[in-house]
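Structures are listed in the sections that come next.
First subunit A sits with subunit B, and in the next complex the same chain sits with subunit C.
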Partner chain A sequence: MDLSYYPGCTLKTRALNFEDSAIAAMAVLGVNLIELPRWNCCGTVYSMTDDDLAHHIAPVRNLVRIAEQGSDRVVTLCSFCYNTLKRADLLMRNSPEKRNTINTFMDDEIDYDGQVEVVHLLEVLRDDVGWEAVARKVKTSLEGLKVAPYYGCTLTRPQEIAIDSVESPTVLQGLMQAVGTTVLDFPLATECCGSFEIVSDPDAVIERAYTILGMAQRKGADAIVVSCPLCAHNLGHKQAEIAGKYSDFTGMPIVYFTQLLALAVGVNPEVCRFDLNFGGVEALLRDRGLIPQRV
Partner chain B sequence: MRLEISLGRLRNEFVAKITELSGQDINLCYQCGKCSAGCPMSFIMDLLPNQVIRSVQLGLAEDITSSRTPWLCASCLVCTVRCPKGIDIASVMEAVRQIALRRSEDFIDPAGLERDTVAELPPIALVCGFRKLTG
Partner chain C sequence: MEVIKKVLVIGGGVAGIQAALDIADGGYQVILVEKTPSVGGHMAQYAEVFPTLDCPQCILTPKMVDVGQHSNITLLTYAELQKVSGEVGNFTVEILQKARKVNHKKCTGCGTCWQKCPEKVPSEYDAGIADRAAIYIPFAQAVPAKPVIDTEHCRYIKHLEFVEGETEGKRPPQCRICERLCPAEAIDWEQEAQTITEQVGAIVVATGFDLMPIKRLPEYAEDPDVIDGIQFERMLSPGGPNAGVVRRPSDGKIPGEVVFVSCAGSRDPEHGVPHCSRVCCMYLAKQAMLYKHAVHDSQAHIFYIDTRTTGKGYEEFLQRTMTEGTVYLRGKVSRIYRDGDKLKVMGVDTLSGKQVEVSADLVVLGMAMLPSVGAKDMAARLGIATDEQGFFTESHIKIDPLESTRPGIYLAGTAQGPKDIPDSVAQGSGAASKVLGLFARSEMTPEGLTVG
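Right after this comes the complex of A and B.
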């Protein structure tokens, strides 16, 4: 199965570990993620004020590009891209007046009225591939690895674009169980990491990260599994500082779901770029014998 | 605090603008506090989310525009999905930010960020932060 793939800004820079592992793992599962030949930044956030139509242009232009390239379905890996593209699509489907204004403004483009279905990779894995098919492809079971699933904000909020239950999502659990890990009950699975406040108030984000990481540690997690590059950054990059401030915190590996999937279905660990992860993922996987010892 | 409640205050320009930008009927709020209970950033807010909504109901424009709360809101939408009255509280916060940003009152100055900070942050954080906190 071929699927149009929209990467977004961070997948091409800081989250190569996310992108490379996803493409390789999905190929093993028989899904070819084909990057759109032409795309632009989605704007990262969906504009929430009623009259701010200008900021919907970026995501809608991407949807137009996708339709133009002959696709009626696009998959994202980044949770923020998913949210912004999906909500823009919904706006264009449901608000005739705004759709007309936006289409008229972009008069050099084809009209967009919802020709494209926006999906997140976790939905493809659950609904198109299925957990049993994933489990059948597992070459190296990740048995013994205890993971805390972390969804963040943008996959399950708001309700109308949620890929799963708003308050109790299970999609990450389904995937992680299929690859053999033990999935912990994680009460903070959908609590925000502080998001873009990292730009203006990094101290507040450190507190958020400590709350979430500390809970995972108390639950006995070996790692937190994420699907958002901003979550990965906020939970990961200041761990040394957090450990310095709070003596009960000793570090927590942060890993993308696609990396564990790739590892389980037999993708070369070098492709997964565990060297780009925060919190000691390489050490954890070496310790468990899941990746080779460094020479 | 003594507070005069008058029709003029309850229907002032600020309340009208918030209602227009957010598309929300603020008066539906009965102050259950669920938004504040679930808010991940409430621990550093000077006004809790339900207090912001109450202040809008009472037309207390200055209390809101002088508060840091709308700028600490991370738009995680927990309040929005949990509001029993269906108010999109995160959109109300966005409306407050937009009123300031449209007056060129930016919350952060991108040029003032340390070079190391910019180098450390992934693009998603920078684009998102600038979209939310600058006009």
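Right after this comes the complex of A and C.
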């Protein structure tokens, strides 16, 4: 199966480990993620100001690009891209007046009125591939690895675009069980990571991260599995600082779901770029014999 | 057409009891149908009742006993309405008397059977925090104080079904301990359910409420120490499973910190229901107060949106709870989760504008009041309307609040909408006066109007 794939900026910069592992793992599962030849910024944050239509142009232009190619479905990896594209699509479907204004403003483009379905990779895995098919493709079971699933906010909020239950999503659990890990009951799975407060109030984010990471540590998690580059960043990159401030915190590996999937279905670990992860993922996987010892 | 001067009251909670007593005292025949084995309703489950903190045993039990003994009242417990036909002044009703498997004419209510029965089932009366036997009276003050056999759980009945069904596997034991020990020979395995047909001139519906199940709010953790208000009443009650010593379900520890959450499901159209349940502000204030009386040096926090204490003596009651040290936090709770031995309650305090996290040994949710389970079926059977939630619709919300949408069928208590005991009792008496007014006439004209 071929699927149009919208990467977004982070996947090409800080989250190469997310993108490369996803493309390779999906290929093993028979899904080719075909990057759009032309795309621009997703808009990053969906503007909630009622008359701020200019902010929706970026995501809508992406949807136009996809429609132009003759695709009626696009998959995203980054949760923020999923959120902005999906909500812009919803706006264009449901608000004739705003749709009209935006289409008129972009009069050099084809009109967009909801020709494209925006999906997240986790939905493709759950609904198109299915957990049983994933399990059948597993070459290296990740048995013994205890993971805490962490969803962040933008995949399940607002409710209209949620890929799963808003309050108690289970999609990561389904996937992680399919690849053999033990999935812990993680009460902070949907707790806010601090999101873009990292720019204006990094201390607040450190507190959030400590709460979430500390809980994972107390629950006995080997790693936190994430689906969002911003969550990965907020939970990951200040761990040394957190450990300095709170002596009970000793570090927590942060890993993308696609990386563990790729490892399980036999993708070369080098493709997964574990060297880019925070919190000691490489050491953990080496320790468990899941990736080769360093030479 | 002649008006049949007999009334059917459905539901034996405080509202139905009041309606039944007032009509019976007025000199007319009443059939009171209650689906559980005893009258009393929810009020009988409480430790003490606001605003005066009297015990329900002191103020409700006498009314329950009256209902059981009144010469004008036929009490049918463990029974349900099945069918209604006819019209105001002359309804035909079919009532299903479920099989009790106990002959109440012979039974003396001595209690040997329910003390010796080996089967244990979560008690409905104790809201699942304690067990009862398979042959049981729901609680010590039950009216009638004679047991029924829960045929779903009785070992001997399971044995019979097993033998008849020629099922494979392990055969359940014969048991029959109750039968062997009963000094009155009242156990009657042959007893079957029966349908009773009656003619009545009017019907009062007082089927009450049930709480929204906690599992409808997944963000409030499925944890043994997250409970609802009725469960906490049972813990506080001197007649409860722990004789009023508050112990949390998970490990029996006496909780030093309890958090109460108002509007759990109420006033929340997105996750729950849009309406205000009207009694939670008051009963949570009551429970926090009683908890602090029971456990000294304890901490009680109440999260609230607004405190709605508009009854007589209610605001004063709230002030007393506050002065006695319960801390009120104005804001909603977003999540409750377990962290080791403690529960963490995350929320916001909108007065300080800060996010707060309060730790707790036990959390009590003021779950939304919903119409009793089965209310919509009941409405269909009666041919009356309900609102979206299933509360029975009154003929006019302001000027005909006691009439249903069908002439001759009246409403009382929480079946019509959330309310407290004083209002339920008042509405019970109000419905009774409507019935008495109808019965003061002897005939119905074809237009449905009564003439003297």
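To be clear about the criterion, the second predicted complex is superposed on the first by the 295 of 295 C-alpha atoms of A that agree within 3 Å, B and C clash if a C-alpha of one lies under 4 Å from a C-alpha of the other, contacts with A are read in each partner's own complex, and residues count from 1 in each chain.
Simple rule for what comes next: a contact is a pair of C-beta atoms (placed from the backbone, for glycine too) under 8 Å apart; a residue touches a chain by one contact, two chains touch by 3 or more.
Computed from a predicted model, the values in this text were never measured in an experiment.
Applying the stated clash criterion after superposition on subunit A shows that subunit B and subunit C collide. Contacts of A:Thr10 after superposition on the shared chain: subunit B is touched, whereas subunit C is not. Look at A:Glu35: by the touch rule set out above, it reaches neither subunit B nor subunit C. Contacts of A:Glu123 after superposition on the shared chain: neither subunit B nor subunit C is touched. With both structures placed on the common chain, the touch criterion links A:Ser168 to subunit C but leaves subunit B unconnected.
Counting residues of subunit A touched by each partner, subunit B versus subunit C, the larger count belongs to B. When both complexes are overlaid on chain A, the residue A:Met215 reaches subunit C alone and has no touch with subunit B. In the superposition on chain A, A:Glu109 contacts neither subunit B nor subunit C.
When both complexes are overlaid on chain A, the residue A:Gln159 reaches subunit B and subunit C alike. Judged by the touch definition given at the top, the superposed model places A:Glu191 against both subunit B and subunit C.
Of 20-28, 74-82, 200-208 or 326-334, the subunit C stretch that intrudes into subunit B once chain A is superposed is 326-334 (criterion: clashing C-alpha atoms). Put simply, subunit A uses residues 159, 167, 191 to touch subunit B in one complex and subunit C in the other. For subunit B in complex with subunit A, the residues that touch the partner chain are 20-23, 40-41, 43-44, 71-72, 74-78, 80-81, 88, 90-91, 94-95, 98, 107-108, 113, 117, 120-133.
Here subunit A touches subunit C in the complex through residues 159, 165, 167-168, 187-188, 191, 215, 218, going by the rule given at the top.
Those residues of subunit A lying in contact with subunit B across their complex are 8-10, 13-15, 41, 43-45, 47-52, 55, 78, 80, 153, 157-159, 166-167, 190-192, 194-202, 204, 207-208, 229-230, 233, 237. By the touch rule above, subunit C contacts subunit A in their complex via residues 217-219, 221, 270-271, 335, 337-340, 344.
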